[in-house]
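Shared between the two complexes below is chain A, which has chain B as its partner in the first and chain C in the second.
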Partner chain A sequence: MSRWLPVLFALLAGLARAVGIVVVTWFLCRVMPGDVVDVLGLEGGLSEAQQADLRVSLGYDRPIVVQFFDWAQHALAGDFGRSVRFDRPVADMLASAAPVTIELALGSFVVGVALALGLAIAATSMKSRLLEAAVDGLNIWSIAVPTFCAGVLGIIVFSLWLGWLPVIGSLILPIIIIGLDNAGQIVKLVREDLAEAVMLPHVRTARAKGLSPWRIAVVHVLPVAAPIVLVLSGLVLSGLVAGTLTMEILFGLPGIGSLMLNAVHGRDLPVVLAAVTVVAVALVAINTLVDALHRLIDPRVNR
Partner chain B sequence: MSTSTDLPDMPVRAAVSRHAPPGEDAAGSDPFACPILEVRDLTIRAGTRELVRDVTFSIGAGRTLALIGQSGSGKSMTAAAIMGLLPPGVSLSAGAGIQLDGRRLPIHDDRAMRAFRGSALAMVFQDPMSCLNPFMTVGAQIDEALWRRGMADAARRRERTLDLMQAVELPSPEVLRRRLPHELSGGQQQRIMLAMGLAAEPRLLIADEPTSALDASVQAEILTLLERLQSKFRMAILFITHDLAAARRLGHEIMVMRHGRVVDFGAPATIFSTPRHEHTRALISVRRMLEQPPPPRARAGETVVDVQGINFDYPPRRFLDRPFPALSEVSFSLTAGRSLGVIGESGSGKSTLAAIIAGLKRPVAGDVRLFGTSMAGHDFAMPRALRRRVQIVFQNPHGALNPRHTIATAMREPLDLLRIGTRRDRLDRVVETLNRVGLDADFLARYPHALSGGQRQRVAIGRALLSEPDLLVCDEVVSALDATVGAEILHLLRRLQMERGFALVFVGHDLEVVRWIADEIAVMADGRLVEQGPADRILSAPGSAAARSLVQACLKPVRC
Partner chain C sequence: MLRSSSSLTRRHLLASAAGLGLVSLAGRVASAAPEPKGGVLRYATLGLDTSDPHRHTGSIAVQQAYVEALTSIAADGSVEPFLAESFDVSPDGRTYRFKLRQGVTFHNGDPLTAADVVANIERVKSKVKGGWLASAMKLVDGASAEGSGIVTLTLSKPYAPLLNLFSELWILSPKSEGWTETIKTPIGTGPFTFGTWVPKVKLTAPAFRSYWRAGQPIVDAVEFDLSDGTDKSLALRAGDLHIANIQRDTVEALVASGKVDIKTLKDTAWFSIAFNNRKPRPPFDDPRVRSAIALAVDKAAVMKFVGGDKGVVTNQLVAPGNVYFDKALHDADPFAKPDLAKARALLADAGVKPEDHTIEFVSWVEPYPQIVVQMVRKLGFKVNHVALDDIGAQKRLGQYDWDMNAMSSGPRADVFLRWVRLMSDGPNPVLWGGIQDAELDRTITSAVEQPDLARRKAIYLDATRRVAEKVYFVVIGHAPDLIAVARTVRGYEPGFTWACHWASGGVARTALISA
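== the complex of A and B ==
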């Protein structure tokens, strides 16, 4: 029981953080010059009177704190209202955008962690210079090449020169690009942790048993490195929000990132807030999950 | 997975005996023309440095070769070379040859050596706690060794795991099988390591200091077990140790190594009666010295320390848990010029007691009277004047010296702190003390890393003596040192005690060592002082169960 108390605290702290993010975003949106009515007015030529009517019908004439609590009350009940700009329920818009982002995020997460782990294990068990160079190369790639550069390069090479992939709407290239970036961020740390784990006495015992290098790496070395892999995976997942946004815009993917960015430009407040809330809650959930897994992984509870 | 394809280089004999039940091993019927292990001209280099040079020996079936040497003698390197487990950067000479059952081992090819590890060759290491995988149940680790040996059927593996755990005399294998290593005692862990080694049904079992990390009573059990297992399974054993008594007890032959060379070889009786090399003689003389302790000194002089019913608790690991009692109701006293040996197994509270006497820990109840002054009266903050008179020396001389301080700085520090003498005067004192502990002024400018373990311990003792203490507390000061070096330190302590007349509290786990230095022995068990009396009496007629088990565990004295 007391083992899980810290998880509960982490969950509460995460929730507080999510609420904080949403509140700050909400007020920032209102501080920004111009609202959705201004934007619509510029685009559609609404008259002054029509604009004033619209503001009243949106409730923008009320005191700002009242507006906030009104929104919060509905949001807590799961009702994020309607998009002013498209006059559609925000929930529908999120539901159609989420699968794209989830696919992109999970795909690139799996590619990234699998690549980093595979490469680190191979470099540890095979002692090959080429693999060491690959580890360093991948690490330097992720530091030196921003994803939007890699994205443009990828479009030039695979779409324009080779013609293998469409320029717009393909998920393969963005998943690989973010995956490479994720792998590069963690591969070196995982490799170093594994290199340390290999020096442990129980790994020598495993060698004395005559086990193959792969079995030693997976059964006797990897569990030692598991906690750090898990923590790094959590970091990668958190970083995916920014990563997927860039790719969605560059590759014209209708995901949460594109939705959010367009909504900010159009001052479509309900959409921005709903998207931010969903992402913040998702991040809290991920972090809590990582924390809980961390506790499960190490059988030496009291250490 | 069939074993014949998995292990193409397996000697035929081992392959035949694999499925034979233990006891009906091929050893009985097979005429052994050649020994099981034959090592020829083994030279091991790290860069240009030779760690092992021209080592040649052989071991027959059912025989044990005891390989003795101090740290750095190359004994563990020799074992690693046979297993093909040399650390990176260390290489074998081209001329070296190792034969197993008359066939050459591919010692220069790591990949080919893998076929022999865990089948014909098995190894048990020193520290079983860290040598077992902390994430796997011990049963699974034995199971893995069987799986590697080619036993594909999980049910058979489970049965065999239980058999092996029974063979190494573990109680209720069905329960222990599911435990993780940290849930077992040190002795049980080492038995698991042995079971894992036996799972390979090896021709040769290498045991590299298998008992050094264990308590004395457990050491004796493991040695007895090794003997029994050998008579049952008939494998050859290479037993590596630094303990002459253990070597004599287990070895059919003894080989002594020093600085990477074999300096002596022969049957134990021969080695002891006619040692050929000066180093062997030194090792034997340490044993003889320990067997004949100097006569105890008369009880005289003022009472230096009087410990009255102290208790000490370690804080609980978790909130609301009970605190762990490390000491309960410990009382004793010691007069000037005499020494008290404190002995007990690990966790019995002896080091905690040493720390409390030296004023490093504060008991929760009771009093320590130093030179008549009640420490409880000072709230256990030792007044500066007393601090000078009580000094402590620790087990690990590496950690006890600041690596960034020269010996001169390290030794002058207590004098500076206690404001003894003038600056000029202090340096003279440091030099004089260095001489007294058998070092000279050349050491002043050196840093700790340039000193050997024995030299560092001399510096640590010298530093403690600089303030001319009336009570010296020694916490396992020779445990980390080689036998001959440890003997020198013991002699040094004894001589200094004669000259200076300080009282000595000597904490140790080796009964022979403690008996040698101590006039009186206090036996600790589970935080209690269970018995106290003259050293000879404790040895000859131990009154408590704890003392009896320590005396029994102390290997039979080697008479030469």
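== the complex of A and C ==
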């Protein structure tokens, strides 16, 4: 039990953070200039009297704290309400958007981790200058080239010039772009961790026994580097929240990021809060899972 | 030799003439050939806010694909019959009689009847709270069906914009899901059906093969791109979109691509500077100061920036060519050209030292207000320019703690929808400073109640003069919105408003050819 107590604490701390995020988002949304009635008034030609009536019918005339607890009570029961702007259940809108974001996030995560691991292992095993340069190049790419710029460049090259991929709705290009970015963020650290692992006595023994470089890397070096890879993967997954948002907008993908941004623009508070809650809880779940796995594969953490 | 040559020449001429005739005939045959059918038309336009067409909140560009109205607005801005085959208005402007088109069916196969039309009118009157259509419906004393083909509408008082506004009163089957509250799946009579809608993403509208116009629609479906963030110009160039509204700064690249033609909506957006009329603070409540500021604005330069060669300078709510446009008033525009010397004289007359005053200036995040600000600064005023997003600006303007703004407003189905914003209890009046003027209200109301077009125009001109006299706002000019149409599209020409389908044009008549 004592081994998992820190995980439980981490989970509770994460949940507290998630609640904090939702509360702060709620109040930020309320201090933003304008509300959904302004949006409807701007677009639909509502008179000032009609706008006032609509605010009352939406309960916006009540104290802000009362509004928050009313929303929280329903949210805890799993009822995120209806979009004020589109008069649709928020849960339906989230259910429609989530698969796109999950596909994009998981796809780019797999591409990123696979590329980083593959390159780091190859560079460690083969001691090639070219591969070392590739590691550095990928790292510099992720630092220097914003995904938005890479996305525009990708559209120009692969959609306009080559005509291979559509501009709108394609998952391939954004997955590759975020994947490259993810890989660049972790490849250098993984490479350095592997380089240290190579110097360990059991690896030297394996080399002395004449095992192939790939076998040494995969069987003897990688398990040593697994904890750092896991921690870095957790960071990458957390960072995907921002990364997918940009790509969803650029490539017209109807994911949670697009949903959230449009809801912010339209001051559609129930949708913003529901999306933020889902993302915050997902982040807590990822961090907790990574923490638990880390403890499982690296007993040193529990000491 | 000469004769022979001459004879040959005649023969050649005859042969050539015959050849030209054949070519011409071939051309005619080719042009008479049916347009290629099928394909999915990808069309990026303004958003769709609701699946209930009667409860729309502004963006009216998509609904027309699946729901139609008794009337529609032709490309020249006139009213044309649509689901109504014809209509009559009584001389007193209070009774409207619509004869319905025969053979029209809803998407569920039910025939359109007069009772359905009356049910729609009653629904808007009783269920819809906001919007100008609901306001108009309050004037309806009675709507009745005569048999299955005649609808008679009696108003409590004349209301001239009714036929134009009826182009946005969509007729749905009362069997539409959610009819008693919010319609979820609209069943209309349009050339396309309401397919799959993902808000702010897309609407897929499959063709309705029993559409009342034979041979239409031509394409298999329309996929409306409703997203905000994607770069439409890149998608057009890549062939992912066929029709899209575009920004002026993308025109050059699009034209250079050779893949699209740039067209314009036939009605214009109008650009203005307005003053705070609800809670004006000195010295900006003084018409002389307002006039001085207006004289600092180089209208031609602003409209050139905003609309390029399509920007038009004027002082009216409608552009030249519109039936309500008045040339004499246009020619008498005192602010047609900037005059800083006259502006300074006006300020001196008002006893105002501009350097002592800061103008609180509100606009959207657009480039052209910055130009206006620079022009106003030439007079010596300090300007605190706050540029906000749509909703932020809306909120700030509603607080009436500012002095001046630079705004624009887009095409409308009737000129009244521009004037109504200037009325004391009008919808969304903040863009024009929240005018509170009983005299102006009366003038606009009497224009609305005037059935005769010439007299109505004269009354609207009186309203224009009233606005000018008080300097509530100053119209800078007009510019049309731009629509890019791929060269693989046939039969599409933008209409008067943002509508994607109307009686004499739109997506029902649009075909796709292979690139």
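Keep this in mind: the second predicted complex is superposed on the first by the 298 of 303 C-alpha atoms of A that agree within 3 Å, B and C clash if a C-alpha of one lies under 4 Å from a C-alpha of the other, contacts with A are read in each partner's own complex, and residues count from 1 in each chain.
By our rule, a contact is a pair of C-beta atoms (placed from the backbone, for glycine too) under 8 Å apart; a residue touches a chain by one contact, two chains touch by 3 or more.
A quick note: this is a predicted structure, and the numbers were derived from the prediction, not measured.
In the superposition on chain A, A:His265 makes contact with chain C only, not with chain B.
Once chain A of one complex is fitted onto chain A of the other, the partner contacts of A:Leu211 are limited to chain B, with no touch recorded for chain C. In the superposition on chain A, A:His202 makes contact with chain B only, while chain C stays out of contact range.
Contact comparison for chain A: of chain B and chain C, C touches the greater number of residues. Of the two partner chains, neither chain B nor chain C is touched by A:Gly239. When both complexes are overlaid on chain A, the residue A:Pro227 reaches neither chain B nor chain C.
Contacts of A:Pro89 after superposition on the shared chain: neither chain B nor chain C is touched. When the shared chain is aligned, chain C comes close enough to touch A:Asp38, but chain B does not. Of all residues in chain B, those touching chain A in their complex are 83, 85, 114-119, 121-123, 125, 127, 130-136, 144-145, 148, 180, 182, 193, 196, 200, 317-319.
Looking at the complex, you find that chain C touches chain A at residues 49-52, 55-59, 129-132, 182, 198-202, 225, 227-231, 234-235, 237-241, 388-392, 394-396, 398, 417, 420-421, 425-429. Across the complex, chain A meets chain C through its residues 32-35, 38-50, 53-54, 83, 85-88, 93, 96, 152, 155-156, 159-160, 163, 166-168, 249-252, 254, 258-259, 261-262, 265-267.
For chain A in complex with chain B, the residues that touch the partner chain are 2, 200-202, 204-212, 219-220, 223-224, 299-300, 302.
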